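As written, the chains take the letters A, B, C and D, and residue 1 is the first residue of each chain.
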Amino acid sequence: MNVDLCVRIGSLVLKNPLMSASGCFGYGLEYADIVDLSSLGAVVVKGLFLNEREGHQPPRIVETPSGMLNAIGLQGIGVHRFVREKMPELRRLGAVVIVNVCGSSLDEYVEVSRILSDVEGVAAIELNISCPNIKEGGIQFGCNLSSTHEVVSAVRRVTTLPLIPKLTPNVTSVSSFARAAEEAGADAVSLVNTFLAMAIDVDTRRPKLSNTMGGLSGPAIRPIAVRMVYECAQLVRIPVVGMGGISSARDVLEFMIAGATAVQIGTATFVDPFIWSTLRSGIEEYMARHNVGRVTDLVGSMERWI
Amino acid sequence: MNVDLCVRIGSLVLKNPLMSASGCFGYGLEYADIVDLSSLGAVVVKGLFLNEREGHQPPRIVETPSGMLNAIGLQGIGVHRFVREKMPELRRLGAVVIVNVCGSSLDEYVEVSRILSDVEGVAAIELNISCPNIKEGGIQFGCNLSSTHEVVSAVRRVTTLPLIPKLTPNVTSVSSFARAAEEAGADAVSLVNTFLAMAIDVDTRRPKLSNTMGGLSGPAIRPIAVRMVYECAQLVRIPVVGMGGISSARDVLEFMIAGATAVQIGTATFVDPFIWSTLRSGIEEYMARHNVGRVTDLVGSMERWI
Amino acid sequence: MAPIDLDAEVLRNTHLSAGYHVLVLAAPGIAAATRPGQFVMIRTTTGTDPLLRRPFSVFEILRDADGTPEAISILCKLVGPGTARLAGASAGDRLAVLGPLGKPFDLVAPPSEAWMVAGGVGLAPFAALTESLAALATPTRLFYGGRSRTDLFYLDWFEARGVRLDLATEDGTRGTHGRVTAPLEAALRVMPADRPLTIYVCGPEPMLKAVAALGRVHGRPSQVSTEQVMGCGLGGCYSCVVRVRDESGTPHFVRSCLNGPVFRGEDLVWE
Amino acid sequence: MAPIDLDAEVLRNTHLSAGYHVLVLAAPGIAAATRPGQFVMIRTTTGTDPLLRRPFSVFEILRDADGTPEAISILCKLVGPGTARLAGASAGDRLAVLGPLGKPFDLVAPPSEAWMVAGGVGLAPFAALTESLAALATPTRLFYGGRSRTDLFYLDWFEARGVRLDLATEDGTRGTHGRVTAPLEAALRVMPADRPLTIYVCGPEPMLKAVAALGRVHGRPSQVSTEQVMGCGLGGCYSCVVRVRDESGTPHFVRSCLNGPVFRGEDLVWE
């Protein structure tokens, strides 16, 4: 059976629903040796500010049951060096590039987005208003409905690229944030970013991360992320990009059936960097077995118990 | 070294900081065969409404990575049968009994609490304003600051028993709920209840739980729970009772160092019903090794990185 | 007797087919206390994935030369990650085993006969039951169904203990072609009403339901071993409920780990 | 060469002491491509606990009778749940092994000497390095420290390959009493300035720091194999950073899985 894996996010058509999650795949090029970047639905690159950033002191990650905490602190090369040093090669390799945009202020979000809008090969902007690991910006915008509306509207005005605000799960009602983003002109929303969390070394009585707190990702969070994706998909009309602990084709399908049009995979790529082809063939097999012709037919297809 | 494990919750002095988590230890008596109930700091019994409740259709639980979802739906015998059928035996066994009180309305919370206040052997009330699995009551109260204040104040007026509102983690700022509870006269707060979550069977495209959603518990949530306990302990003066994924003495210590005066253990008792003595001796060994005389000296003793 | 938790050594792990194996665990305390129909909860890893223990019927109670119970076996079917870990266990490994748990079968004595009905891995509680019934000299029959002849195990074992076998396979490769309820129904039909018998049944839920119904139609009591997903096995979590009618006939949920897993077929209310 | 991921069969697991073992893995593609100082990422379970792979230096590159590389070994110290699983692995088990990863050591050739300095399990990268240096006929010395004589392994192996050993134990049961930096410093002092040498070092961080400082003081280049907690091993996560000075002398964080794990001691900035 020939199955159709194409999905659409705003004006962007992706050859399949699988994207790398920001911050878990470097700038994509690190993986060019072992993964055909053009075979991914999209490559979402590490969060970028206007300027370079050092990030936090190590230790930056710590493992937890079926998950991990990270407090990288958005170490990065800044948007200018990214455009100069990484984009040419990404274009050459045929990657569909989505840039995760960060900011310490509304102006910075706008400025970075404006710069990227003129760059050939940037396919969409993921607006990171949900990073739990930085002092200013990030989650501050993402935990307040009017700030969310404001920053999305402001960026909307400077770009025609598909705009995908990335939502934090650290709120009472994530779907109201999805709605605010939709109302502000977003083309899609992506979720979840990581859960604010911490771990303490009981012998030293110090946090295991130098930054005290970090973000929880990985299979541990999957059931919460699926619930949130489901809630958002019920409430908004724009596509939802789902993530949080996806590690198998069944997990991808679970998110899509819950309502995700596309998905991102982060932590699981650390465990298996070759996961992409496994996921793709797993989805294809499932579709053949269940006689599903187009992967979009699965989106939001969950039936409730009577 | 002789170590002192006593902790104090309002007027209640517990011989150690270890309590069973509500809903994970039946009415305590189910375990009387294998656990000396009087050896626990307290036995927190299953959530009780005024009347009996059927609970949800099975399947009621499903396993997830390092965790589980439950949607029991608070099946229970109601407060009257509890007082009649269970309390005498609990008293006889010397258990320090904390009752988890549920309600579909403010009046029901008040009425159940009032009834329990006159019952010999009930040591405290844990006010369950955080159950994610029922339609009315529960989490509705726990996700709104003024409802939280209102229900805690109302119950405060009818009881002199130590009053411990149990908070939900499904909010943006759990510490503001701890503060609202403190202001309304609570003697302590306990947290976390479970995270609202779901899992879908991709072959049938139906939720794995009959109730669609359930609450996530177990080691998976521990890092988020530790963070929340830490935040609450930073903000309020009343004791914090911490829980969420505790499965070892080190986990108990992690919560206490983060700021918990006492802890509850739920899911881990399913895996190891004999866990209580292991935890106690693990704490004692740690205290001896680190030369800590009183367990209360550990509470909130985390140092930050400079 | 109160259940105990043993760090039991795996003595043998015998693979019967790709999907079935018998795991023998050194567990003297549990072996001595178990009565047929009871179960144990086994931890399949020392980590947290899979997190929960898995329930298994006690298959055989194994004794040393003097007849002292020293081990139990479980008949295990491979279905997911937990059973995969058990399938991979080797002699010398250790597994935490909690038991015995739950209510056992009520044993019937002559002149009553005992008819056991097993579907697939539902055979599990019937080895121990057979031994206990043999001690009472109760005449026993086993109606045993599987998908194919290669899914039927321990036939010699049961025959050697005087159990009369009635087999059925869905592909017709052994015994009756079709479901095990067919030979059971045929036998119930020809059984004189004045010869008492009790039906014991374990297997997939549709089969339990069908067999309980057959018992009702033919006026025969049945004891049904149910299988619900279990969180704790001890009555703590209320996950494992089945609907049962109480004396007044009102149905309500009861915990199958405490009040079961064996119920009277008459009492069970099927959804 | 691009790293590959192999479902490698465990060929042997030799326990050297309670805390140390050598695990031999059939991994021809990795064995053929690995250069000394590179590492592999090993999955210790098929489940999600522990979740992440664990990094290990390639200890030996093992060849068949014809000299074709067919296996690698790792020298593994038991510290937590992941290494506990590896300690329990038996011949025939399979483990996912990703590699080779990271930048290898730069090899020095005569007339330069190579001085290897190992603390505890920091011995790991030096077996492969010894073989490569032997092929260049570079004179090699190994300064090797442990807590006690029972923590020093493979001494014969290194001696058989012409490596001159300088041992140290913290309890004085073998070699110099104290830290391995003592014999190293003594040797550096007496080494004529006109005889070139490079220091290779692997071990706990305080030791790396001390040895890099000794190299600086004595004007000797050092190559330092660092150990940071690693999420991915491939440059994806930015967890594994160390501070390094760039050409302009400005320190910044670089990923030790991509730019390391081997760094020039001169470049590393210690916190």
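Methods note: a residue touches a chain if its C-beta (ideal position, glycine included) is under 8 Å from a C-beta of that chain, and two chains touch if they have at least 3 such contacts.
This is a predicted model, so every value here is computed, not measured.
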Most remote chain, CA-based centroid, reference being subunit A: C
Determine which two chains are connected by the greatest number of contacting C-beta pairs. A-B
So the centre of each chain is just the mean of its C-alpha atoms; given that, what is the distance between subunit A and subunit D in Å? 36
Separation of the C-alpha centres, subunit B versus subunit D, in whole Å, is 48
Rounded to a whole Å, what is the gap between the Cα centroids of subunit A and subunit B? 34
List, in ascending order, every residue of subunit A touching at least 2 other chains. 57, 65-67, 218-220
Per-residue multi-chain contacts in subunit D, two or more chains: 48-50
Using the definition of touching given at the top, classify the network of chains in this structure as line, ring, star, complete or other. complete
Footprint of subunit B on subunit D - complex, ascending: 48-49
As the complex stands, subunit D meets subunit A at residues 2-3, 5, 43, 48-53, 96, 98, 228-229, 231-242, 252-253, 258, 271
In their complex, what parts of subunit B are in touch with subunit D? 65-66
For subunit D, which residues are in contact with subunit C within the complex? 45, 47-50, 81, 90
Considering the complex alone, what residue numbers of subunit A touch subunit D? 23-26, 30-31, 33-34, 46, 54-55, 57-63, 65-68, 70, 72, 75, 218-220, 247, 267, 269-274
